[in-house]
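In what comes next, chain A is part of two complexes: it sits with chain B in the first one and with chain C in the second one.
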Partner chain A sequence: MKIKKTLYSYLLVTPYLLHFILFVAFPVIFSIVLTFHKWNIISPMQFIGLSNYKKLLLDTYFLKACYNTIIFLLIHIPLQLAIALGLALVLRENLKLRGFFRSAFFLPVVVSGVVVTILWQQLYGFESGIFNRLLTGLGLSRIGWLIDPKWAMVSIAIMATWKNVGLYIILFLVGLQSVPTSLYEAADLEGANPWQKFRFITLPAINPTMFMVVILSTISGFSLFIEPYVMTGGGPLNSTLSAVLYIYKQGFFYYHMGYAATLGLTFALVILAVVALQRKWIESS
Partner chain B sequence: MAEVRLKNISKSFAPNNVVVNELNLHVADKEFVVLVGPSGCGKSTTLRMIAGLEDISSGQLYIDGKLVNDLPPKDRDIAMVFQNYALYPHMTVFENMAFGLKLKKVDKKVIKEVVTQAAEAVDMLEFLDRKPKALSGGQRQRVALGRAIVRNPKVFLFDEPLSNLDAKLRVQMRIEIARLQTRLGTTTIYVTHDQVEAMTMADRIAVLKDGILQQYDTPLNTYNHPKNQFVAGFIGSPSMNFMEVIKDESNSVTDPSGLFKFKHSDLQLPIPQGQKVILGIRPEDLYLEQKSIASVKIAVRVVAVEPMGNESFLHLQIGPHLLTARIKPDIPIAKDNMIDLYMPIHKIHWFEYGSGSSINTSN
Partner chain C sequence: MKRTALYLILSLAALIFLYPFIWMVSASLSSENGIRDLRFLPVDFTFDHYIAVYQSIPILRALFNSIFVASFVTLGVLVFGSMTGYALAKHRFRGRNLIFYMIIFTMTLPFQITLIPNYILMVEFQWVNTFAALIIPAVMNAFAIILFRQHFISIPNDLIDAARIDGCHEIRILFQILWPNSIPTIITVGIITFMTSWNDVLWPIIVIRDEQLMTLPQLVTLFTVGGRSLAQIGVKLASATFLALPILIAYIIFQKHFIQSMASTGLKE
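Showing the complex of A and B:
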């Protein structure tokens, strides 16, 4: 009876266990093993010790890719925070069509990243893209959204913000909902202006939400890939080469599987460290 | 300080849905007025219109003789205490009390002095550094009170400030608020649905029902001379007993199904014979023995006895009528017995059948 029961329990967890072994445990272990090997998928693996790690220390492209990713985060996170919060504040009010706007802003979140990227590629077009047409219409000069190394990462950050902002709007709306209206009324009676109400009531109340948004968009920002992969291929002049894109290229473009695994592992540790730091900072404040 | 005058104030949130109807109320300087009424009768709405948190649909509102209909809340010089306290959760007690003054850019030294004084008045001096989360309900209410008095407003508005507190604390805070108001002499409008609060705190009580003012009078007058059946039933606990009877020949009324008949030479009702009328009698005006005063007798069955310790409530029945009597605790009366009760005639309230208006009898 007891054995039967135990067997039955194992049977029930088998699907998950299989999934875990196949798609989590095995890849992790295999990629750690890979870091000590040279492998191009076709010919057999060749043990090379710590060479991959030595190569990584001197790899200026990887440094550049990490730098690009950080630049992306530095633009993307504040932009995301400000726009999501701003729109959430507007959408909290009793507007006509509030339901429509709430869904409209969420739509890009569920649309495939590739589709969004291709769409934005059109918008960013140098000659006939809508943004440049607007600029020239206003009598300003065109911007090389995706072809100017100074602008390319900014453009990608703007697009990524547009795509994800709906999710963070919802998080902020939930946070804002928890603020009792009587607090605003009390502040009204005491003579607070809109800015003071925001500063002294809204902001402290949604602090936890802000931290959550920062953490979530950091993690998702680190994995920046589809956008530069589809739009710019990492260019111009590697200005949009993100860390994940570089890893992908090493693996599936140059077939440096061992080295790609080394980069991936290192980058994972970097993300872990950053998020741990953020968490510590949040817990202390 | 200031008087508050409501002139034909009405409020509707949607067309054909009048929440406050042509309300006229004059709150004198230094007066403590309590708005009472059942849930949904428009008490909070009235208060919020006075505060400026809700637009006035029609009518005029004067504070200190000045028309304030279009004045934003901050310019009305009022302080409001909310049912849920509405303390700023991330600010300390001190910061909560100081917030209004800080916004007004009052000198820091002055703020410190005023807040300390207020904290002393509400007995919260030792908690100035605490956040609201770390306070009990009663203490939070004290902070809210302190925040109100810090600004030294013309008018205090309270919206059911004690309803989140337990019974004992409620009694204590009731006394403290009343004492504070007397000391400061600030005109006060206080909303509650608790008629004990209304009776004990008010200079005058305004009884509202469905957005219409039923009576505006001193607590004792609303109790002893209710203008209609609604006020009679609302003020007093347990509430007044009502029986529907028919005016018979002169000096007598009968139960429609002939269960009883009251006849007495003092019983003089200025209504035609055969007309229905509502008889009202308070639980404490039903006696177990005949006193020397003019009374009528009624035989009832005891349905239940509720001993309160200091008194007992008898739940009684005669035909379709259910009555409550309030008697001394030490009288032994058992359930299911038949007993005789006496009603002093001059203690009976009469109300018009239908309209519920009080009928003036000559006695």
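Showing the complex of A and C:
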């Protein structure tokens, strides 16, 4: 009976173990091995020591992809936090049609990124896109949303915020529910103003949610692919070259498997380091 | 006064989130010249763009491919995720903690690191240009295992022990006793998995090159990026609308489930 049960335990986890060995453990080990090799898949692998890492340190495209990701995150994260928290605070009030508004804000989250990107490419159009029409309507000059290297990544960051913010509104709403109403009542008795209530009651309570939003946004910044792939192809002047787009280009355009693996490993380590730093920073403040 | 201001904010926000979709549908039904008007309703109503899309790419075939792939991935994640989750929640065996750490490791592992080696694996298995490449690597999901484990822990042991005394074996216990008691978890995992699989583009672009085997988002992406849409806005928007439609319909019917399921992804970190 006992032996039979143990046998069943292992039977239940066998698919998981097989999958883990094939698609997690092996790829991680193999990717490290690959970083020391030059390989185009067709001809035999060639050991080249640390050359890939040396190349990476001097690779201006790699630095460009890092720089672009930082620009994206500097715009995306504050925008995401402000809009998501702002709308969540409004939705918390006891208003009619709350469900409708919540569903409307959530709509872009469920729709494919491809749809959103094709759509926003038109909204950002230089001649007839709605943004430039609004600008010219206000008497301002047009912006080259996707054709000006200074603006292209900003445009993608704004679009990504529009696409994802609905999810973060929901996460903030869940976080806000955890704040006991008795705290607000006590604060009212003490004569606290709305800002004080927000600063000393709401904000500390939703700290874990903010951490989650920052981390998920960071990961999405390093995972950008379809947006630059469809909208700009990484241009203009590589101003929207993202981490994943660069890995993709090295791997599947030039077939530099060793170098693409080096990029993948490096970006993965950067992501883990950034997330660890953010965790430390948020915990201390 | 305050309420009016709040309604104003919400309505403006709703307009910002909904207008682009309304414009997309209406523009896809307008003539190429009419698109520039940015109206809510189609100008010179026409189905031409949809017909053009249908004639230039195998879009119905791609729709079928996407349904096929996403369904099998979802089925796999539900079956294997619940099997692993059940073992972790209710069985005591050597190596259980190790498996738990492996799952946490998988969840924190950025996909950038496994992208290239996984492609090479597909080449070695000769799975490039087959549905196996889209389905098999995706049938296991660490997050789904954790959700099932959490839920199964809350199910009383008595229920399982009673079934064991009746002579039920473990596989039957899982699917005939635990599954019917886990409908909300199954819905959550099902929706997240189906949506993730349905919306994925990067992996299909890497492993599928045969147009007849492409998934819907992949085909639409290559259609709009490549020259075949002839830089016509109407045709691009028609293909995008067609791609959005299945998920939009599902979302309108199952809004609450969608929102609750996606909110639980927040527990991930």
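Throughout what follows, the second predicted complex is superposed on the first by the 266 of 285 C-alpha atoms of A that agree within 3 Å, B and C clash if a C-alpha of one lies under 4 Å from a C-alpha of the other, contacts with A are read in each partner's own complex, and residues count from 1 in each chain.
The working rule: contacts are C-beta pairs under 8 Å (C-beta built on N, C-alpha and C of every residue); 3 or more make two chains touch, one makes a residue touch a chain.
All figures in this text were calculated on a predicted structure; none of them were measured in a lab.
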| item | value |
| --- | --- |
| Partner chain(s) touched by A:Gly221 [first = chain B, second = chain C, both, neither] | neither |
| Touching partner for A:Trp120 - first (chain B), second (chain C), both, neither | second |
| Partner chain in contact with A:Phe20 - chain B first, chain C second, else both or neither | second |
| Broader residue contact with chain A after superposition on the shared chain, chain B or chain C | C |
| Chain B versus chain C as contact partner of A:Gly234, first or second or both or neither | neither |
| Partner chain in contact with A:Ile201 - chain B first, chain C second, else both or neither | first |
| Parts of chain C lying in touch with chain A, wherever the complex brings them together | 3, 6-7, 9-10, 13-14, 16-18, 20-21, 23-24, 27, 36, 38, 80, 83-84, 86-88, 91-93, 96, 99, 102, 105-106, 108-121, 123, 137, 139-140, 145, 169-171, 174, 195, 198-199, 201-202, 206, 217, 220-221, 224-225, 233, 236-237, 239-241, 243-244, 247-248, 251, 255, 258-259, 262-263, 265-266, 269 |
| Chain A residues touching chain C - in the complex, by the definition given at the top | 5-6, 8-13, 15-17, 19-20, 22-24, 26-28, 30-31, 34, 41, 87, 90-91, 93, 95, 97, 100-115, 118-120, 122-123, 128, 130, 133, 162, 166-167, 170-171, 174, 209, 211-212, 215-216, 219, 222-223, 225-226, 229-230, 233, 243-244, 247-248, 251-252, 257, 260-261, 263-265, 267-268, 271-272 |
| In the complex with chain B, residue positions of chain A that touch it | 180, 182-183, 185-192, 196, 200-201, 204-205 |
| Residues of chain B touching chain A in the complex | 51-53, 72-74, 78-80, 82, 84, 86, 88-91, 99-100, 103-104, 147, 151 |
